[in-house]
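Got some structures for you, see below.
One chain, subunit A, appears in both complexes that follow, with subunit B as partner in the first and subunit C in the second.
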Partner chain A sequence: MIETIRNKAKEWLEKNDGGCVIGYERASDGMTARPVFIYKPYMVGSLIFDETCVHNLSKYLLNRRGLKTAIVVKPCDSRGINLLINEHQLDRESIYVIGVVCPGMKDAHFGRIEDRPLSKCRVCLHHTPAVYDVLVGEPQPETASRDYSDVARIEGISIHERNAFWKEQFERCIRCYGCRQVCAGCYCQECFVDELDPLWVGIRSGPEDNWIWNIGRAFHLSARCIGCGECERVCPVGIPLMLANRKLEKESADLFDFEPGMDAGTAPPFATFLKEETLEKVE
Partner chain B sequence: MELTYEPRIVGFLCNWCSYAGADLAGTSRTNYPANIRIIRVPCSGRVDPLFIVKAFQLGADGVLVAGCHPGDCHYSDGNYHTRRRVGLLRPFLDYLGLDKARLRLEWVSASEGKRFSEVVSSFTDTLIKMGPRSS
Partner chain C sequence: MARVGVFICHCGTNISGAVDVARVVEAAQKMPMVVIASDNKYTCSEPGQASIRQAIVSNKLNRVVIAACSPRMHEPTFRKAVSAAGLNPYLLEIANIREQCSWVHSHDREKATAKAIELVKMAVAKVIRHEPLYPREVPVTKRALVIGGGITGIQAALDIANAGHEVVLLEQEPSIGGRMAQLDKTFPTLDCSACILTPKMVDVANHPKIRLLTYAEIKEVRGFVGNFKVEITQKARKVDYSKCTGCGTCWQKCPEKTPSEFDLGLGKRPSIYIPFAQAVPTKPVIDTDSCRYIKYRQWLAAGEQGKKPPECRICEKICPTGSIAWDQEPQTITEEFGAIVVATGFQVYDHRHYEEYGGGAYPDVISGMQLERLMNASGPTGGEIVRPSDGTHPKTVAFVCCVGSRDQAKGRTYCSKVCCMYTAKHAIMLKEHDPDVQCYIFYIDVRTGGKDYEEFYLRTLDDAGAIYIKGRPSKIYRDGKKMIVLGEDALMGRPIELAADLVVLATGMEPRTGADKLAQKLNISYNTYHFLVEAHPKLRPVETQTDGIFVAGACVGPRDIPESVAQGSAAAAKVAGLFSSDTLVTDPITSVVNRERCTGCLLCVAICPYKAIDCETTRDTRVVAVVNESLCKGCGLCVGACRPKAIDLRGFTSQQILEEVNSLWS
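Up next is the complex of A and B:
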């Protein structure tokens, strides 16, 4: 598998002078992976791909708009590329996508790799990239049924318990904005949270301001979140952000029959409408 | 004297239909509760979900978004977009522990002064029954 990735990267670099391959290499701890940017064909030997390659690299493409770039992507990350193309942030021609069939990723904590796959991998549907120029590995069948048991668990508790649950979660937020920085869908020139007039979100990280930031962040990604789970992975205080994102994913699938990033052509739900549709209005 | 709970409603009314509808309710001396604080917006499509969330953050008990009936939008399709946004925001706020009955989307035309008063009255009644927000 890894030899195929290296060979494809090398072939591509030899043909595309000045291009860059974005992939994974072994981090200095000798165990986890880290992103690597390769500009010369002889350097492809450092590329790796295994269950530690958790990062979503598709955001790096935004720094290379219009430049020749090859990228190693997992299925969830590949949806990020579709999202960005769909939103006119990238053009497909300049990107060479090395799609890798994903076995499920494992995060490392305290110097050892966990036994269980990441929570997003346990509910993953698509094991083959949605977009690729070259596919590494055998295409895998999709998981047929969606598992929203985590969302259903929150939906099942009373509204007061839900309120208390989320209040407790958002209270911990230190507003480092790591979730935003790592998100492939968060590329606004000026984020609503950085605006000073109007001041949508107060400067201090108090409970109310954290509440509006977390809602604003999640809702800006409604029907856009590709489920790569990077926000939750980088959160230093362990807020279950995917639990909020997945509720929106579920609702937008129900209401608009839309799954973000699966192709680069379908108009996103908030950019279009159906005249005859009726959404549940009032209780 | 017993203090009664008076909910505060922030109403985002579209300039062309609902605001004129509220105006008609006023000029035709139709009563409606004073609990609503009206903000005039050019179109219900102008209502960013952030406006709604911000209103709740600043202590609103309820938010009413009112616009032209589907098909009647002055800008042809603003209210269709609002319908989608609010349609997704309501279940999401409910999921986060803010009862979805506190956010209403209504269509009120410029000739429906009576309907505007009914909408505000029923919304106020609902909110009084629900009591103050816990968060």
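Up next is the complex of A and C:
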């Protein structure tokens, strides 16, 4: 598998002078992975791919708009590319996508790799990238049944309990904006929290301001979140951000039969109005 | 530094009845940047407006808040007043303390007053952030499109053309004339429909300012008032109109006969045809569904499968001018217009929906429109009224009113308005044709609202001896040669069973199929029945919510001929009014894009219902959205959709709204 990735990267670099391959290499701890930018064909040897390659690299493409770039993506990351093309941020022609069939990712804690896959991988439906120029690995069948048991847990409690739950979670937020910085869908010139005129969100990390930030972030990703889980992974205070994202993902799937990033052409539900669309399903 | 004047209206007792205006004035005087606050019995009256003008000048006001009725009511009035005192008219904010306060809180004076104070406070907070806005002028294309060549469209086209403007009259069928051309006589004067209609059709054809586009349909409409761009599909006639003289040889010789749409299936027409003798233009089209040679060509194209159709081409052989153009394809024409009149009219309700009346299976159960064709001297029977089944003359004729009207079970709640009158006309005409005929008319109510209509109806009873039976029949079935109508005489309270030779269903009006699709292309509203919706049912009956698009005639609702003609003329007057100036002033309350913030996701482009947003590339090669201010209606959808808040709506900026909200905390 890794040899295929290295060979394809090498081939592509040889043909595309000045191009860059974005992939993964072994981190200095000798166990986890970290992103790597490779500009020369002879350097492809450092490329790796295994269950530690948790990062979604697709956001790096925004820094290389218009430049020849090859990128190693997992299925969820690949949807980020489709999202960005759909939102007119990327040009498909300038990107060479090395799509890798995903075995499920595992996080590392306290110097050892966990036994269980990441929670996002346990509910993942798509194991083959949605977009690729070259596919590495054997295509895997999709998981047929959707598992929203995580969302059902918060849907099952009363609105007051839910409010209390999220208040407690958001209280911990230090507003480092790591969730935003890592997100492929967050690329505004100026984020609404950074705006001063008008000042939508107070600058201190008080409870109300944290609330507005976290809810605003989730809503700006409704029908856009591709489920890569990077926001939750990088959160230093362990806020279950994917739970909010997953709730909105479920709504957009139920109401509009829409999964973001599955292709680059389908107009998002916000951009369309169909007479058949109703809110009857919402109680 | 903002200097705000607040003017609070009593609106007679409309506001002061529920709100303590004196306390609102007192509170307003203490609000930030308020220089003067005062009240007035009627702020919209001339003395009320004068006091505002005076206050602006004497207090050097640069912002004005008027607490009164809804801005939909008097914002234009007050903008003019403010402007007369030398202030930019957009430095005004209306606090709606009538519809949104006094009218809905009349039971609680204390709370109503508190709410009125808060509404004023919000308006003051917002108006401080107002900036002067300036309307723009756009040129007007003084050319009108009339969609629909029925009597309404004809009238509108003639009136606009006579006012000196160019008109394109578009008709989807091969000839103009519409439904009125199918009628025999018209109530209540019994003048011949064709005799009064066809001269007008000829006027249209000969008018130097009118261009006829028959057999054509609207494909797409873009643009805005004064500047519409319309794509029109000219259907393939397979006849070259530049050569054809309308001599008629082809349609006399065509061997293929197919049921005539114009005669509602009672007669036949050839494949190359004009719908009726007085058709305008008097040039034929080839019906590609029935033409033998077209079928032959399709058979060839499909690889010669199945039976070989005859390779006819008779019309081509006998045409003296060589006008037959087999290879003619539909064409798209793009035209520019300043105004559009929609007069697509109606179609007769299809009585096949009435299973209890035979669902269209009985040849001797016909619609009122079919009877018109049977009565008509140029109809399929030459004006002889006979039973479609066996050609005999009916002696007992039953009429059933309200078929497809006033019938909730069939989803048609509305009254079609003309059926009572045309049924009365039919009874009179039948008696005139044959004194031995006896008419029985089943009715719910006889509605005869109109000049000389009731007198006409009385003739049905007195002269024609028709018998009116109150009640809607429950069933119609065949028994031998007779049609049996089962019903109840509701006045006598007894069941009735009538053996008739012919049953005429007075079918109602419904909008033309596709009226909804056309309305969507034009961005105008339609109701559940697909009748088009006027801007105001009483005061703006021919306008729509889309500026520059007018509606007239039976596409809006059931109308008879006098009303349709009046509406056609009314719409023409509106168009002529619009065309009376060279430019139009556009509202400056439009969206504006902050190019630095815009990420170019272009969600706004997809979301804009007016197609007013486009994209362009900045000097640093970023793609950003750009608003066409002439097209923008200021609906604000793009503002809501824009994640980076790069779009603002002038007059309703995020900052202004936020100030309003924040004012409630301070």
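What we mean here is this: the second predicted complex is superposed on the first by the 277 of 283 C-alpha atoms of A that agree within 3 Å, B and C clash if a C-alpha of one lies under 4 Å from a C-alpha of the other, contacts with A are read in each partner's own complex, and residues count from 1 in each chain.
Just so it is clear, a residue touches a chain if its C-beta (ideal position, glycine included) is under 8 Å from a C-beta of that chain, and two chains touch if they have at least 3 such contacts.
As the structure is a prediction and not an experimental result, all values here were calculated from the model.
On the superposed subunit A, the two partners subunit B and subunit C do not both fit; they clash. In the superposition on chain A, contact is made by A:89 with subunit C only, not with subunit B. Set side by side, subunit B and subunit C differ in how many residues of subunit A they touch, and the one touching more is B.
Of the two partner chains placed by superposition, subunit B and subunit C are both touched by A:192.
Contact with neither subunit B nor subunit C is seen for A:113 once the two complexes are overlaid on the shared chain.
Of the two partner chains placed by superposition, only subunit B is touched by A:248; subunit C is not.
By the document's definition of touching, of the two partners only subunit C reaches A:267; subunit B does not. Stretch 25-33 is the one among 25-33, 61-69, 79-87 or 97-105 where subunit B clashes with subunit C after the superposition on chain A.
Note: residues 192, 200, 270 of subunit A belong to the subunit B contact set and to the subunit C contact set alike, using the contact criterion stated above.
Residues of subunit C touching subunit A in their complex: 596-603, 606-607, 615, 621, 623, 641, 643-646, 654-655, 658. Across the complex, subunit B is touched by residues 151, 154-155, 159-167, 192, 200, 208-209, 211-212, 215-216, 218-219, 222-223, 244, 247-248, 251-252, 255-256, 269-270, 273-275, 277, 279-283 of subunit A. Across the interface of their complex, subunit C is touched by residues 66, 87-89, 187-192, 195, 197-198, 200, 220, 267-268, 270-272 of subunit A. Within the complex, the subunit B residues that touch subunit A are 49-50, 53-54, 57, 70-71, 77, 80-81, 83-101, 104-106, 134-135.
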